[in-house]
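These are the structures, in structure tokens.
Both complexes shown next keep chain A, but they swap its partner, so chain B is in the first and chain C is in the second.
Moving on to the complex of A and B:
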């Protein structure tokens, strides 16, 4: 059935009353009618708040002080943020969290996908079990891991104690400034590795079997096949997983708040937690708007560079 | 004529219906989700029966209470007709127009603030402090105090071990130093085959926890919010020599006498640790005491209560509790005021105490039988007599977060010294008050 017959059928199916109304409208107008609601929603929900946030970021506005005069402060908010040591400390905490979660999730996720891709009995059952953590709410995972990390009753401490011989109550994952940054990395890795695994699995299953057969004919070793066929062909998928996890973890909030509350001290205060405190606890609306704009530009800039790199890899 | 009669009848019907609607309102009361809130629901059935109004309740867990409710107030929301807001909100509530002023109403209804515990009037109702401008009725008196395992303290073998180690009898501590000794004594001790720990204290980072805990020590070591003769002059008062010692004491108490992993504990975690038999002592607000008494493991005489012990500079305790206010954005203010009038009655206040609510009415707490009415009643009275409260300025949230940061960073994360923490706190608070135009 060709395209013309589809159009004919659509025209015949249009009720006469509506057909009369749209008679004489150009294709372009009709296209705009269909697209307009989406554009309106996009402008109302995304673009307008963004512009409004940028405008507020140049003021001293505080939403809890409706009676105070709103003054234009220029770049002062931006200067204060970028010269604030505490903000840089939260940036460092975020970078630590971001880098290590991505590294661990990619390595473990790819390894799991590679194993699951092998045909064995109970393959589907294991896949279901492995993906279970990512079906939970991050807030629930945060709460759940606070119990696992409990020095007196926590399973995590007992497992570590079992292998190291240390007293389970002798260390506190979420109460120690050195261990707490790793506590949130471990919990996030537990939760989101399955997501990376699923993406890698899709990549592995998209590789045609014939390529491996050809490589076998050329007497390529398994090791060589892995590095010259599997890794390059899964790489775009892996990079996509890294992009998703990077963006998600840059704005990580709920799990970490439940797990550590940003402590001890500020060791696990990620930028999103800091931003929330500025905006909805300290009520520095202008300041927090500038903070949000800086984060937006950072994520948007990094993501754009990364997407370009991803496209290059795909083109290869 | 018939038409006129019909029209008149219709008008009457509309008026009656309208009048009926204004008489029977649906009121929403907003408060924290905790045990006393359940008692208030029970108490309020009497109001519903008497007034014909229906009461709805919006209860939010403590860690999110301030966020959720201050958002509501700041956005001029109409969710809450009545707000039992935290004591520190009174400044913001009054200055930003969230709460209606109640002076005329109190006068018209014969409600006299002199009938309430003075500290609760200052803490929960007045703004500016010390002036007769009322924005709330004291609703729930609360204060930080201590709960201890009386049954453990009374065991001869434990008594003996303590006597041997400290050369004195194991009893309710007479000072903060003694309290630290007791916490250290129980730390890691085997009792009934379980390892137990000293004390559960407030260390929470996210909302107000560690501030509500550390102030109980700071006050008793000489910390003051400002120069009594010069408002907002904080240098040498917030970071006085005594205050620095007090902060060091709190850190030491945390290190020598608290359970491992208690780096982010507040009310709920302390209750859990105490009820599960992990700790010998717990710092907590008095609201938990009815629940402790009713608990099968630690209630029924197994627990005792004492007021925050004195330090070198006196004996004070952190005020908790709340007043009940009418939200200015509510369009049911008359019915909300009716609720406050009903709630202020002495017989309702007496019933409030019976149900587990801490009445702030003097007629209730000064009743000759009050001190004996519950095992914790005397401790409540003793504690309410020594209260001090955090800033109640409109900028309280800023002030609180600064203190949370500084204190938590020093006590829990071990960052810097106590002197640096309090010097930093003065800097933060000066900056906030400068922004507020008060300095």
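Moving on to the complex of A and C:
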């Protein structure tokens, strides 16, 4: 009460221009004041480093040899990376990881969402329990999975041995060249299936009951309803889940580096792990900058194409 | 209440329930195993067949928080009889405590950096989101897409120049550096989510407030902020969980003073072989808060993990 009357008196006493200032800044000014700090921080921590990376990628700079002359080498780094056998091998390992995690997570995630949508008693509680793994720290989880994968004493080996009758000490998920790529697929599927499940569940819940009721009236079989109503209507959601998982797993570093460290050999060396070795162990800064640019262009390109396809599906 | 034709019959529900519960039990197993291992003695933790029933022991937790050394006769005489329960546990292994371990510090670093970056991120994020939601910002769509696209870079790729930049500014291995970095990384998520939450608040409330003589600022913090409180809280928890879990930047940019728990936990080793109960104890203390947050976040989980693309 008191305050407003003070303000009133002050407003009447001041000339109009200053009065407007006290009344408040213009919307435009406020908009800029509100957006500027964020843009500034993003420019400083995201865009500036990106430009720096692109610049470095054309040089032979090495962080650990600051006294060496930095030379402009043009596209040499790019040429070397794209013709490097090892890089293609890590690309293959990444593709294997990407494809299998997505296939498994989509199948299991969709099946789970479909079952949960049957609305049995207590489905909320069990959904929350299923979601836990994806919220946890991937590095800590990866580290702990090495314990589960131990031959002989590991829980995973024990359970597998229990059901197959094999000797639990006879195989090592992270020590065997053939098994290691699957060890990371299993751990990632365990962790991220709930993500696909949640998105599918949202898709299933978005389908209006009335469509199924109409289909019932037309005597469409449950099987037909599933393929002509459920699947097409969940598809945009499913594709979105695949987009997120695709980008995330293309960047995958923490969980796998803790689980296998990229080994044995190079069998689980995903691109991010390879990049880390080049940049922070061999300190080939220029070379690894070019590597980073190639990865970024790949993700960005694939994601853009995919989003176009996704929008087409949504329009239908 | 009448049963609609589309309602699944009881038998279907029963089968669906059984399958989902079966999956939930399998998926929760590794987590329960981590928690259980934390309470095992080192011998029990590597027993074959794996022990489901065991005598609980706090050895893992004691080992997690202390540095120990194998005791010689002279040391035992010097130290005298054990005075506390944790000393007694260590003595039973034939060792003496030489000091606290680094785990406490690392955990505290996680708390400082996690909460610091979340607070800063919410401050900047709410302001930017409000502006994007309510005003005509030039190039709005481009800016929003730009903010989102910053998430597509593999962290290692961004880490190279950030490492150089931080080294130049003296921010390597400092709390401030990590707080700024995580704020920038989380900003995309928080702006994107908060814009969605603020979009849902009817503009009419603010217009009414403005007519009543509120300034824009007052309308923002007296009308919009309270309305968006739940949205802001859940966004904050998402930012906190991300900063809490982050590993790649932490392992590359910190080594001592500002190192957080994720890069530290895997480096815990015991005397003679890996001390799994201590690792499990460290992981348990670190993971349980996130599980609690997940339960709190239940309703907004989907929105958070999809950048607000799916709202349920």
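The working rule: the second predicted complex is superposed on the first by the 275 of 316 C-alpha atoms of A that agree within 3 Å, B and C clash if a C-alpha of one lies under 4 Å from a C-alpha of the other, contacts with A are read in each partner's own complex, and residues count from 1 in each chain.
Simple rule for what comes next: a contact is a pair of C-beta atoms (placed from the backbone, for glycine too) under 8 Å apart; a residue touches a chain by one contact, two chains touch by 3 or more.
Note that the coordinates shown come from a computational prediction; the quantities given were computed from them, not determined experimentally.
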Partner touching more residues of chain A, whether chain B or chain C: C
Partner chain(s) touched by A:295 [first = chain B, second = chain C, both, neither]: second
First, second, both or neither for A:110, with chain B first and chain C second: neither
First, second, both or neither for A:190, with chain B first and chain C second: second
Touched partner set for A:58, first chain B, second chain C, both or neither: neither
Partner chain in contact with A:280 - chain B first, chain C second, else both or neither: both
First (chain B), second (chain C), both or neither touched by A:152: both
Chain B versus chain C as contact partner of A:67, first or second or both or neither: first
Touching both chain C and chain B, counted on chain A across the two superposed complexes: 63, 152, 154, 280
Touching residues (chain side chain C, partner chain A) in the complex: 4-6, 8, 12-14, 16-17, 19-21, 23-24, 27-31, 33-34, 37, 45-50, 124-125, 127-128, 130-132, 135-137, 143, 146-147, 149-165, 180-181, 183-185, 187-188, 191, 213, 215-218, 241, 244-245, 247-248, 251-252, 261-263, 265-266, 276, 279-280, 283, 286-287, 290-291, 293-295, 298, 301-302, 305-306, 309-310, 312
Chain B contact footprint on chain A (complex, rising order): 63-67, 149-152, 154, 169-172, 174-177, 257, 260-267, 277, 280-283
Interfacial residue positions of chain B with respect to chain A in the complex: 66-67, 70-71, 74-75, 92, 95-97, 195, 204-206, 259-264, 278, 394, 397-398, 401, 405, 408-409, 412-415
Residue ranges of chain A in contact with chain C within the complex: 4, 23-25, 27-28, 30-35, 37-39, 41-42, 44-46, 48-50, 52-53, 56, 63, 108, 112, 115-116, 118-124, 126, 128-140, 143-145, 147-148, 152-155, 158, 168, 190, 193-195, 198-199, 201-202, 205, 209, 212-213, 216, 237, 240, 244, 247, 250-251, 253-254, 258, 271-272, 275-276, 279-280, 285, 288-289, 291-293, 295-296, 299-300, 303
